[in-house]
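There are two complexes below, and they share subunit A, which is joined by subunit B in the first and by subunit C in the second.
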Partner chain A sequence: METKLPIVGADASGGKGSPKGRQITQAKMSTVEIVSDPGEGAQKCAQIFGAISAKMGNGVWTVEIIPAEIQPPPRLPAGASGNRIRIGSVPVTNWGDRSKVVVALNDQVLLARHRLDALEDDAIVLIENMWKDHTDEDIRQQWVDAMEEVSDRNYRIIEIPMEEECLKIVDNPRRGKNMWVLGLLCYLYDRDLELAAAQIADTFRKKAQEITDRNVELLNAGFSWAAENLGFGFEVRPIGDDRPHVVMNGNEALAMGAVASGMDLAAMYPITPATSVSHHLGEEFLKFGGLLHQAEDEIAAAGVAIGASWSGKCAFTITSGPGLALKTEFIGLAIMTEIPLVVVDVQRGGPSTGLPTKVEQSDLLAALYGQPGDAPRVVIAPATIEECFYSMITARKIAEAFRTVVMVLSDANLATGVSPFPRPELDPSWVAAPPDLSPIPEGLRPYDWDPQTGLSRRFIPGSPGGMHTLTGLAHDEGSKVAYDSEINQRASAMRSRKLAVFQSTLKPPSVNGPEEGDMLVVGWGSTKGAIEEAVEEAREEGLSVSNLHLTFLSPLEPGLKEIFSRFKKVVTIEINYSDEPDDPYITPENRRLGQLAWLLRAHILVDVDCWTRVLGEPLRPGAILNAIREKMPEGGVS
Partner chain B sequence: MSSACSLLHLAEADDREFKMGDYEAAVARWCPGCGDHSVLTAVQRLLTEEQLKPEDTVFVSGIGCSSRFPHYMKTYGFHGTHGRALPISTGIKLNRPDLEVFAVMGDGDCVSIGAGHWVHAIRYNIDMVALLLDNNIYGLTKMQTSPTTPQGQKSNTQPQGSWLPPMNPLSVTLGVTNASFVAQTVEWVPSHLFATLKEAFHHKGFSFVRILQRCPAYLPKLFEDAITDPERIELLVHPDGVEAKDLEGVYKDRVYHDPTDIDAARRFAEDQSKVRIGVYFRDESRPRYEETRHLPTLTAEEKLSVLDQEFDRYAV
Partner chain C sequence: MPSEDRIAQALEAISDTKDFFVSSVAMSAEEVRGVLERERGVNENPQVRLAHELGPFAAGRIDLERLAPVIGVNETLGEETRRKIQSAFEALMDLKKAGDEIFTAKVPLDGYLRGTVFAALGRVGVAFGAARSVEWALHDIAPPEGVEDALERFPPNLWNRAERGCSPPIVIEVEGQDLRAASLGELLEGSQKIVLVVNGPAAPAPLVRLITPGVTVIQTDDPTQLSALAASPGPGVAALMPEGAAKFTHVPGEGKGLNERLNVEYLPEKEPKRALGAISAFQQVEELRQLASMTASVEAMATMEVESGSGAPPMDEAGQLASWLIHQANFTGV
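After this line comes the complex of A and B, so read on.
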């Protein structure tokens, strides 16, 4: 089929082998995308493909391609919807750079990906051909224009009669084509068809059996068609890690982590990309006896969580940028009154409504310093989907042990990325103990700060003898309103001291790569996988570069000054805005930096540089690699 | 709200007997003659009469003169942020349905900055008591217009007089779907105040009580008419509301009002020709939000074994 269909600028002569003896390319990693109009099921196809790949022992990272418009008309670049799946014979930690294979259900969604530079120069494009000879002249013309537009690349375009083939099985191929495509991909990547059929059955388990049967029929048909017509394929070997794994996205991991931590009250107000945490929790809590409270707004959500936490087990609230802004006053109250509270911020682009579905790491300083007044709190940032799970357990423990607010900074990249990780071995010590309502010993006060550590016992309503009134006003050890200057100084010191005490329990972070060298790249949060991939690549090029990734942003992990001193240059890489040094009016003095760079400079007194981007997408390892090359100290570029 | 025994401790017989003084904490520091003093006394009397355990009782407030209330109660207290007493109370009740929760709010607190929470708290209908101490002015911040300030009343922010007609907290409350208890009383008639609080406490659901409260510091003349002229007051009386038999001699204007009749309640609330006190509306059959809260009963081990099964769904 492919040899018959050469397209302007495309190289269709690559597949040499016969359909039976096909040409197999071995790959350590391979990235494939499926794009369609919304509602055509590209995401379902991709999810199943990802799940099968994980089951076959590959590293997998799946990320959604979300349409720019909510209900776009069909055949519009802005409506491109689907998934990118990156599979590997090593663990896959990020979405990669550009895709090698793309299945496009029309020419316009292909254009969308092309325009975003999402496809490799020699990508294999498997495209539905029904539009080419469509009865509507406009559509035929759009096809021609689209092919013209993409012809500046060396794509290998293969037109495929998907509609025609699916019509042999179903009346309305709009529903079902996705499973046919799944079959095709299973052939290309040598996926186990039985596994695929089982996965389909699981996906449609709530529907009638005939739905599963028809989808499996489509799967098989797509597979056979590919076997007869496509003379190539990819081999991506399993990792060889036979520990049991689970596969989920970062929001599901946060929800499961919350349950494992023993927290059983979450209060929230819907906001992308945090909302799906609450969808999972809503379901989970039904099984565990917890409650997901959808409040009237984010302020109320924070208030409900605080009221719940104060009166018993630590509760939490989940939000994203605009919601975090609304919670500001309440977070200050929780810090002032030393109520344990976990606040999860699944970051999106900002400020204001910003980029609701897209990733950014622009809330770091707001998370650290968002409260008027001095309001020390702990801030942690999971770097992987697995860490999303564990971060909730850690956050709950710290919040209760230190009577403080713990902010967990995830982001849209983790929230929507799907990847396997070793199945957690559940530990009862993770689960919060029931609140201690034993009588309060005579003379003990609600803020009997240990003068060394600032720690004190929580008084929980219900404990006889502990009656007191909590207040957000300045107060003394007895929770009595105190405008006395000496008391305010002491109380501030006590709330602050807890951070130092907590920091003393942390280990210095480890350096990925040599312990000294020309450049150290420092990152935080979801960029870890992409940064490590780029840094390792840079080292293969001969550059002397290592990286370090921070999980704790407040307090900062110890030992940074000493580590930094072993490198000629320190650069942060982040998904937030910073001025480019050579932009108009920008000077070293007025240059606004990446948020971690500000923080490190302030704390460590090192001249930290930064490279940051706010492109509304996760960082690509290739782009980071370029940045590393550029930022190498003089003489470093090889 | 009705008194629930504590589920979590003191299962053995508790033979303590609480006196008024057991509920008194610091000396209240409101202005002399401030109506908040009378409310405090009435509430302490209620707790004494109901023998509420101090450790199982919580007063939550926002910010304002009236919100100092919890500091003067020897129970647990939460003096929160301006306007947010209700979300905090909601969180407490959701996590600890065994606690008795009272929210105390000023008119700025409840009707202005906290208005969104107020409307939703009415709808949630959580079993607690909400007191609106309505002095028609911002006291703590020194005489700014409040949403309930009478039209024409001068203040520091509207020296020409308040522009708009005041908001009516009763008709707002009665307009919210799922309202379950709405009453009005005045702090200068202690027996009515006490009887109303008692009804509110015994109602199962969100009991909203608007208490007209004097602020001699900023609006010394505000309720003068109603205080000096008994004809300005009309009592809504009913066996399921406040009967106020002791007040027969003082207030002649008595209307027999069945609190299940929401249309009549709304008419009474709307008509401003009299200061009408008593229980306007009451319906215990309304759904209560806390009934959706399933308190976890699993041990850590049981919980994790359920979670482990959940992981099967994600297993590869």
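After this line comes the complex of A and C, so read on.
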């Protein structure tokens, strides 16, 4: 079957042997994707490309494209695996809307991206051409069908003989094509080849030298082929920030933050997408005197962390939604016994096992209220990869100062996204002083709450005069089991009071944009970059809109009612589920809202609207912009 | 092979344990530095100290003027306390900077092996002494009885259980005639690793007396075999022997039965006839026969296993209880 396809062979528009006649497109931002079947190394290729772009001074944000299955069958759209990399001559805070360039290692993974509307209408598609003439007739037909399907867009499709070229160097191109593609991309984006080679060497540092050599050879071959055959390229200038930077993903930043804060113990059980926090800790924690413990299950991990903290160590546990559910009882114990604990929840799609590899912000209410009984705790949400690092230091301090549980809500977007940020200057003060083991003054009890603040001295086992029984049962000031009707009321009040006291020390959040107007967009967590980009674009269109991003979700930051009162409409933007107002059976009375919207309405008594999506991917600025346009109150255009 | 090379090989074999100890020292030094820095900060301004402790994430979000009085940022260290903490910090920094030499010692000719090991561990154990000194200074607690100057020497008999759990490894160079290994038994606790680099003529099986179910014991002339010592989580001792000595490994992690734990690679046939320094021929023969007897037991058990298809004879309930009680009683060193 023949179809009219927008396919060209190796591009000749710049003339063979360019770069002389090479067409260079200058771009403030450019987004490129590399997609393949799992196991072909597209992610490694993209990670290296992102890292060298960051090292060359570009703003970078990468997002992993991960199939829901660990090892799906090959050549399936659902199995597309790879990475989107957005690089800029300004800081990049989100993954953008659609990609300008895509390198696809087969036609089916290209289809996956096409169907998700992930590519610009005039995207440049660089596709492996071996499938077109494959010996298997079904595969040849799939190629034809795929090209037919994508022909509704104006893609510029360039067939690349990746397999053929890689076979000149390796016997199995499946293990090497990614580095050849890296070379090709280095040519297109004018990346420093020496830097790329160094990054490859670092990536494969634990393997034999010949592995590195072979990969560098593939890199150079890809670059040379592109120089011979592709007559175009992109110029994305560096930001011009001379400060030394580090490049890492959010999970690595959480791990490094834990190390920098002097945490003593991390207890966890593997769970996507939180596990890699422990991978990074596994490499570094021990060197700094920390201990990483993989427990037999999520519950045990929480128990180990609480035990360590009770004995005077600073401990945290790492999990994701389903694990958080399992830890519920132990978190209640930490709150009841007032043992400091930091809980990191890297949110994924849910409920149940849900979408393990995909992003959502659906754990907010579970993090706030997911305990039987009254169990107040602090909840904070870093919005950037840099904040993932620093949030751990603050979380530790608050947990210890207030003898409480602090939950750090990250998500799969931050967890796997890679972005550069200024190298932290380590401060010895981040490492807390050794626990106070001085003798307990005569008569002082483990829960002698200050009636004003609810705070009390932390008793560490071994402190002379501090012997007491620890219990999760209702207890009095002396930690003795007590069912006295007054005691539970008093103890509950004291545990709750600590949050009020902490809230009294928070500053009102700042508004990004005019202090008053038609619409205020409110977000939390990893959506910050996309929301700000959309809001700024909306303002450029003349819409009267500002945004505010919350970091402390329990207790809520103060002054929100007053801020909200200055806007005609308040809308939360979130990656969790809410009913559409126009859907069947949905009324204002039964409509289920985004989780932050619920929270704000309950606390602030303001009619907060929401726009939320659970598409298994980060929010796109363009989609948020559309939502802003749709939800603008009457007369919103100024 | 020159003894320097064998010492280097021994140090390399225990490098993971050594690095872990050094990193713990470095971490402790940073914590103590934090104590000193904080005090400097609080003297200037409690809010400055708090700002540092909370880190940049809190900047602009938390009102330090309000928070400082709530969580009580007002204590400062007295001059004497500060001096003690500063001394402890310097001791930790000295240890951190010291090279491999703090992990090695040599027994003088005709010297006392246990004494040398004890002194060497006391020297490097200053890390624990310094950490404890900070606690004592911060909380105005007098050092316990028996501690003279914790920053000069802090020997193993003063270490607590947690400290024994991360005890520093040590490499000891010793002449064969001074290798009275039984004296080391009481030091093999927690995760203590001792490597003996033995020079000159030596008894054929001096380490056999240290074989107990929880202790790794290696006697070899092959440095690569020391990796089993480093890999073992519990206490252990290894001797790099001159040629001609027995070669065996006893690794508790290999299994419950002696036949699983003990692997005798070489057993000299000739029994010693002459005393070696203060080590009598009788003692040397006794040790060699003990190893031979163990080897015979191991072979017999292996035969039983082949015949019955099972491993070590199963322990009945009374045996299990007795084993547990012995373990709880912690007779090590008695």
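Rule of thumb we're sticking to: the second predicted complex is superposed on the first by the 617 of 638 C-alpha atoms of A that agree within 3 Å, B and C clash if a C-alpha of one lies under 4 Å from a C-alpha of the other, contacts with A are read in each partner's own complex, and residues count from 1 in each chain.
Definition applied: a residue touches a chain if its C-beta (ideal position, glycine included) is under 8 Å from a C-beta of that chain, and two chains touch if they have at least 3 such contacts.
A quick note: this is a predicted structure, and the numbers were derived from the prediction, not measured.
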What does the overlay on subunit A give for subunit B and subunit C, a clash or a fit? clash
Regarding the shared-chain residue A:T453, is it in contact with subunit B (first), subunit C (second), both, or neither? second
Between subunit B (first) and subunit C (second), which, if any, makes contact with A:D436: first, second, both or neither? second
Just to be sure I read the superposition right, which of the two partners does A:A295 touch: subunit B = first, subunit C = second, or both, or neither? first
Touch test for A:G559: subunit B only (first), subunit C only (second), both, or neither? neither
Looking at the overlay, what does A:K287 touch: subunit B (first), subunit C (second), both, or neither? both
Go through the superposed model and pick first if A:P428 touches only subunit B, second if only subunit C, both, or neither. both
One more residue to check, A:G478. First (subunit B), second (subunit C), both or neither? neither
Between subunit B (first) and subunit C (second), which does A:L506 come into contact with in this model arrangement: first, second, both, or neither? second
Partner chain in contact with A:T394 - subunit B first, subunit C second, else both or neither: second
Please state which segment of subunit B collides with subunit C in the superposed model; the candidates are 5-13, 59-67 or 167-175. 5-13
Could you pull out which residues of subunit A sit against subunit B in one structure and against subunit C in the other? 262, 286-290, 427-431, 437-438
Subunit C partner contacts - residues on subunit A that touch it in the complex: 261-262, 286-290, 382, 387, 390-391, 393-394, 397-398, 401-402, 427-434, 436-439, 453, 455, 501, 504-507, 509-510, 551-552, 557
Across the complex, what residues on subunit A touch subunit B? 51, 54-55, 244-248, 252, 256, 259-260, 262, 264-265, 267, 284-291, 293, 295-297, 299-313, 315, 329-330, 333, 420, 423-424, 426-431, 437-438, 461-473, 480-481
Using the touch definition up top, name the residues of subunit B that touch subunit A in the complex. 6, 8-10, 25-26, 53-56, 58-60, 70-71, 73-81, 84, 86-96, 98-99, 116-117, 119-120, 292-298, 300-301, 303-304, 306-308, 310-311, 314-316
Subunit A partner, complex, touching residues on subunit C are 19-20, 23-24, 26-28, 30-31, 33-35, 37-38, 41, 49, 52-58, 60-63, 66-67, 70-71, 134-135, 138-141
